[in-house]
Amino acid sequence: MIGATPLAGYLLVAALLFAIGLAGALTRRNAILVLIGIELMLNAANLNLIAFWRYGPHPEALTGMMFAIFSIAVAAAEAAVGLGLVISIYRHTNTAELDKISRMKG
Amino acid sequence: MAGKLDQIFILLRDWLAHFLPAALRPAAEVVLGVIAIVCVFPGLFALTTVFERKGLGRIQNRLGPNRVGPFGLFQPVADGIKALIKEDIVPFSANAGVHFLAPLVLVVTVFMGFAVLPMGRNMVLVNMDSGLLFYFAMGAATELSVFMAGWSSRNKYSLLGAMRAVAQMISYEVVLLLSAVSVVMISGTLSLPAIVASQNTYSGIWPHWYIFTPWGLAAFVMYAIAGTAETNRSPFDLPEGESELVAGYHTEYSGFKFALFFLGEYLAMFSISGLGTTLFLGGWSAPFSFLTLIPSWIWFFGKVMVSIFVFIWMRGTLPRLRQDQLMNFAWKFVLPFTLLDLLVTALWRFMGEGWARWVVCTVILVAAYAVMGCLGLSRKDIGPRSYRYAE
Amino acid sequence: MDQQLKIELGKQGVFVTTIEELYNWGRRSSVWPMQFGLACCAIEMIATTMARYDMARFGAEVFRPSPRQADLMIVSGTVTKKMAPQVVRLYNQMAEPRYVIAMGACAISGGPFKQGYNVLKGIDRYIPVDVHIPGCPPRPEALLQAFITLQKKIDGQHLTGEDRPRFLDPNAQGEFSVPDQGEHDLEPTSNTGVWPVPITIR
Amino acid sequence: MLGEGILKGMAETARNFFGSYVSKERLTTVEYPEERVPTAENARVFPFLVYDGAEWEAGMRCVACQICEKECPPKCILIDKSKDKKPDYAGKPQFYPTRFDIDISVCMSCQICVEVCPFEAIKMDTQFELATDDRFAGLLLDRKELAKSNEYYHTIHPTEATEVDSRLAEEKAKVEAKAKAAAEAAAAKAAAAPNPAPPADKPPAGGGD
Amino acid sequence: MSLAETKSEKVAGWNRPPVVEPDGEGELLEVAMGPHHPSTHGVFRMDVALDGERVIRLKPVFGYLHRNHEKIAEGASYLASMPYTDRLDYFCSLTNNWAYALAVEKLSGQEVPERAEYIRVILAELTRIQNHASTIGFLLQEMGASGTPLMYAFREREKILDLFESLTGSRMMCNYMRFGGCRVDVSTAWLDATRKVVAGLPGFIDEFEALLTANEILMARCQGVGILKPDLAVNAGISGPMLRGSGVNYDIRKVDHYGIYDRFKFRVPLGDHGDIYDRYMVRVLEMRESIIILDQALRDIPAGPIMDPKAKIRGFRPKPGEAYGRIEAPKGELGFYLISDGGPNPYRYRVRPPSLINLTVLEDMCLGQNVADVVLIFGSVDIVLGEVDR
Amino acid sequence: MSPIFYILAVLTLAGGLASVTLKHLVHCALAVTVAFAGLALLFLQLDAQFAGFAQILVYIGAVVILIVFAILLTRGSDLPKEGVFSKTWPVGLLIAAAVFAVLGWAVLQSVRAVPQQAAVPAVTVRDIGIALVGRYVLPLEIVALLLTAATIGAVIVAMHEKVRSR
Amino acid sequence: MKSVEEIKAAIESAVPGAAVEVVPNPGPAAQHSLRIAPEHAIDIAQFLRDDPELALDFLSNVTGVDWPDKEIAEKVKVTREVKKMVDGPDGKVEQTVQETVDETRKRVEPGCLEVVFHLYSIAKTHGPLVIRMRTKNRSDQVELPSVTPIWRSAEFQEREVFDLYGIVFTGHPDLRRILMWDEFKDYPMRKDYVEPDDFEYEPTPHDEVLKRAQKHKGREQQTGIRDQERVAE
């Protein structure tokens, strides 16, 4: 089954997802959505890692898989801290919109 | 003969599948298994609702439903028909799509959890290497559906109920997972059939269930607490706390969608009971070696029904906790105790056979329970009181 | 199919049922009341659900707190003019098919308190009532009997035709107008679409 | 705080659960339509009118004095007095109600009509199964529906009915004796006395409008 | 005025509900609990302002069951008001009867025969037991105990109601007491049945306590919640078990010596904390004391008439004047204030409703508490809306 | 390429796209759930069972719920009054497009250099576990430390400040 | 407890200038009461609560009473001057003569609204002391001082009196309608309150209901009510 899908397919999907995440992170106002964009980018990277692990010469070495698992763990931590920051900022400025936050600076 | 009876469902499946071409057989076997699950558990749900209502009735000195059909057994059928023909109201301001999806997501994800539960010898739909992980992954999705239901209704009570439910489910999900980890530590596998197999041995007539070890008992109690909370059953039924929140996150649901929530809640109860049975109560294995002749699936469903009965019993007895007490209980008592239990499990694992590990583990756990129960949990001013009288 | 034939078939072990009967059977066997009480009669309503009388036997102990999931509103007690708009609103929130039992003298006609300035003289001024139970308060058995009356009424309903129940009539009123609380009284003092014309029978 | 209170409570409910299978004390349900709680002898629901004899219209004790109509707290009784008179149980000509309506959709079962009635004509029934879907026809009882025989009264309130009967018999005897005495006196005087006065402890109808 | 200004500062601290400041930046959530809210014992509304789950303002809204009792009574004869008093506090019709009869007896100077007094005590104490049991049941119902304690309470209540029915004719709306006595005499069979029921009550209370008193969840939810300080309780006119739960020794049965309560030996349980648990326990202990009273009354009941021979049913017109009669009803001080102008109807008829006045401090008890506790605090006050709104 | 791959890819990308373009924040969160689920299924396609389930458990079970909580706590469930995109959105889009162009070019360039097939690796959870506590024990410890620090940090950052200067 | 007269004296000595009047109660209950002038009410209340001997810390009951304007017909002897033609020395002369005539005169005793307080002492377990206050009239001068700052228990009861009688309590922290809805305009417990006419149907009309039914005869006939002939009586 797997043979039917070339590695490039996964890589392209990952690249596209990465671009979508990047676009989201760069264009949206709301801090939470920026975070969602970042998560998407991380996920795209994970997909790459898994794909390379699977198509790599030594899948039994588990390197890519391990990388992905660690990345998932780190992403969870990142989400927690990021959202904590958003909430904290919201408490102070009463908004979660980034350009407003920068305007209120000082 | 007994072996045939034990494997009757497997044989039936194979017999049905053999009519199909060989290429289709693996798929057909899975489909048949799915059909069986989708038929059996809702049927069990229907029966359970009657038994719950009758059992609660008995606890409360009354009869309970007994007029619809023989002994009131058709009551759920009538309820089902009623729910089907009841008008389906979507509140004007509600988010219709999400409102519609929420009960579906709940029921589907809960059903997925059954795929990895071994309900008898060889009776598991998908024998996955990481079955336990799959189970918890599916469990995670139910939270989302609860949130969807509460948020899409655009009702203050619904949203508050959903927030409570999600917060509660996340907190107790951690405990649920950790208490399962102690079993994984001993059995060394995430595959549920393998976990059952590791308990399916006997010393004399006594089984090697994990609940009969100190760490297993502790983990089972914590699992039971967390499981009750996870399924929003009394005394942790705050999300539906009708005295404060009308009906919680499904306040705005009527008709069949509400019935789906009802179904989802009971299925979750079966699924949690099933997993608890698998992890701690030896799954489908018989309680005594001489009872192994009785088909394994009878043991599994019997154990599940017993734990359902305990659920009902607790519901009939206990008042409900308050939200902050519930969270405190999770984070200040259940979680630390489960973590400690993990340590004890490790100790058990590395102390080797012998009576010493029984004593050490028991002492540690009992002492910790007493200390945390008496000092950690209670505020200073809570406890029994005495009263004075004026003549 | 006539009744005679059906009984005959039933004796021979053949149970014949029609969609209509199944439909009505489902509706009548699973009537979930709303958790809603107003006054003295509410206590007798609670007593009806308690061990001695046990309304659960009829499958009706599932008191739903949310009007969306309830089928039956037992107006148990005095409806005051201050409360009447809320009662109508609650009724509007219920999903069809829905039934109303006016329990006790106050709910039917204002009862002993009908001379009062703040008492609505019968809830049927604003919402249609299916069964009336006289009594002040009615005994729990009377509520059970009313419940059986309601079940019989449901059984007798046809899904089509002129005498079909209100909820199957697409032209029937679904929302009932909620009265306003005016400076001296409710406005309007009755919903003329619902309040039936008192007809001379005898 | 080790959960022993919870266990105690669970034991209590378990006791009730299993007790419900063995003891009547712990299974108090009375399955209503088939079996019933025995009606208390004093039980009261709605009033009815007592008549003596077989013919309800002729034997009705009510003399349309309208005291109950006046005293009824929620004012649910309506009485129309007849123009003519008919003899009562003691053979004395009395008015009778051409209409006696009780709106049981208003009645509060307070028994005050029974207490104030000087003629033992209105009593409390124990029939409570009156639920109906017809408010206007079903809940307004007219005198025909209200009229119940004295035998019925005896079946539902035996002690009270016996007391009432003996009292009435006593009074009847008194009235007859009086009438007899009067008749004798009249015979003696050869002058007919048209109507003996009603007994002193029974004032005549309060509302003679 | 100067005196008032200086002195009112002294009491200002507890005379007004304390102001609780919201501490988060989050907006306040305004929730209207009621009037059909499942928790509110009927039709009652609380407008609650929440900061998160914390209550920072609570305004009760009444009147959803305002049935114009007083207005109707002013247009009806003295006797005709008696059945209406049944419907005030519809759990305790007999104590309502008694309070009204007491007020009218004071107004007209009637005496009550001894046997009637005993009957009144027996009925009042039975009423108290069934009321307290139901109250606790409802409190637990609000705590989410799926009705089991309520079912047990109602199981016993049905037994007591059977006694009421066989004596007075009606389960709830007894309409039994009359000015100067009672309506019908009790039979020996009834007294025996009552003795039997009373003999079974201690077992029931034991069972109730085994189910509830030591329950950790109940303790965690009730202790230290909804505290009412005794000085505020007195100032706010709180009465009944709630006042005694706050530790104030004031029982009208002991203070006013009305009826024949002086003849009975019983004690008044008092709480020390004034929280929900104390109110619950005071009720439980009062039930036990009521059983002691019942035992004595059922033992000592004398023979004799049950009505003042001077009393008359029709045409009752007391002399002009006024009277205030009060009793210790299960919910607190139930008083009737009557002004007579010599006519057949009272000129002014006023009920002093314990339920309404006990709610005065609802806001004080709830402020700063969790919203889930509001329901419990409300339940622990023990009100009946028929009496609150009349 | 198998049709399942297409379906999953479209699902994932559509979810991702929806999550960054939808107006309503809660809808975004639900859309990103779809994207995460699609990715998890892609992992399963790649025979990475453990990673797939971990993905669902962590992302759907935790991250999405966190996001949802954050949305509700910051009143993000109300629709924003102004536009949802920042003023500089064309720039952002341009950068994203450029990145995609570069990545895509690189992928397409290197297609021939990559082996097309490999045998299905018999990786059990046991192997992963052994690897985690064997070869990768140091990273595991570091991640554990990081997680602990992050959890504590998040709690501290988001905690109510009890004493505030007004 | 002290007698009412003693309490009156105590109040007068403690609150200078307070006008206190003993109102006797002719009935058998003989609970005499004290009527106090509203001006000093707060001071008096403060004194009653804080005086160590009285210690009336428990305000049990607050009642409103409506005393409508009473028309009192009384016979008065009136002397008036009547011009009469008197046979004077020079014929008929008009003369003014004083004459005493019996005349029925209607005097309207102005009505008022009254508040009655029942005070008890929990500390001393005595009571009740009945205090009354009157407004100046029933229409515009209906203010009375609120005792809620002294006794919290007056809070809801004063609101109720305001709701049902229309007595405005100055100094009350939260004087809103309590039983009726906020839009409601009337004061229903006053003796001259006329109920809203929401008569619809009454199967057993008599007395006042009959009158109302008669007023609605036309509508009743339209709706086919069965009591036409009765109504027509």
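Note that the chains are named A, B, C, D, E, F and G in the order they appear, and that numbering of residues resets to 1 at the start of each chain.
What we mean here is this: a contact is a pair of C-beta atoms (placed from the backbone, for glycine too) under 8 Å apart; a residue touches a chain by one contact, two chains touch by 3 or more.
Owing to the predicted nature of the structure, the values given are computational and were not obtained by experimental measurement.
**Student:** Measuring between Cα centroids, what's the chain most distant from chain D?
**Tutor:** Between chain D and every other chain, the largest centroid distance is to A.
**Student:** Using the stated contact rule, I'd like to know whether C-G or B-E comes out ahead in C-beta pair count.
**Tutor:** B-E
**Student:** Just the number, please: Cα centre separation of chain A and chain F in whole Å.
**Tutor:** Chain A and chain F have C-alpha centres separated by 4 Å.
**Student:** Mind checking the centre-to-centre distance between chain A and chain C? Centres are C-alpha means, answer in whole Å.
**Tutor:** Inter-chain centre distance comes to 57 Å.
**Student:** Could you grab the centroid distance between chain E and chain G? Build each centroid from C-alpha atoms only and quote it in angstrom.
**Tutor:** Chain centroid spacing, chain E to chain G, equals 29 Å.
**Student:** Please report how many Å separate the Cα centroid of chain C from that of chain D, as a whole number.
**Tutor:** Here chain C and chain D have centroids separated by 30 Å.
**Student:** Mind pulling the chain A residues that touch 2 or more other chains?
**Tutor:** Only 91 qualify.
**Student:** Find every residue in chain F that makes contact with two or more other chains and list them.
**Tutor:** 50, 54, 62, 69
**Student:** I need the residues of chain B touching at least two other chains; which ones are they?
**Tutor:** 59-63, 242, 246, 316-318, 378, 382-383
**Student:** Could you pull out which chain B residues touch chain D in their complex?
**Tutor:** Touching chain D: residues 55, 58-63, 313-314, 316-318, 369-370, 373-374, 377-378, 382-383 of chain B.
**Student:** Residue numbers of chain C touching chain B in their complex, please.
**Tutor:** 22-23, 25-27, 29-31, 35, 50-52, 54, 56-59, 61-62, 64-66, 68-69, 71, 93, 95-97, 167
**Student:** Once bound in the complex, which stretches of chain C touch chain G?
**Tutor:** So the residues of chain C in touch with chain G come to 81-82, 117-118, 121, 125, 181-186, 189-190, 195, 197-202.
**Student:** Within their complex, state which residues of chain B touch chain C.
**Tutor:** 53, 57, 60-68, 72, 74-75, 77-89, 242, 246-247, 250-255, 258
**Student:** Name, in rising order, each residue of chain G that touches chain C in their complex.
**Tutor:** 179-181, 183-186, 188, 193, 195-196, 198, 200-201, 223-226
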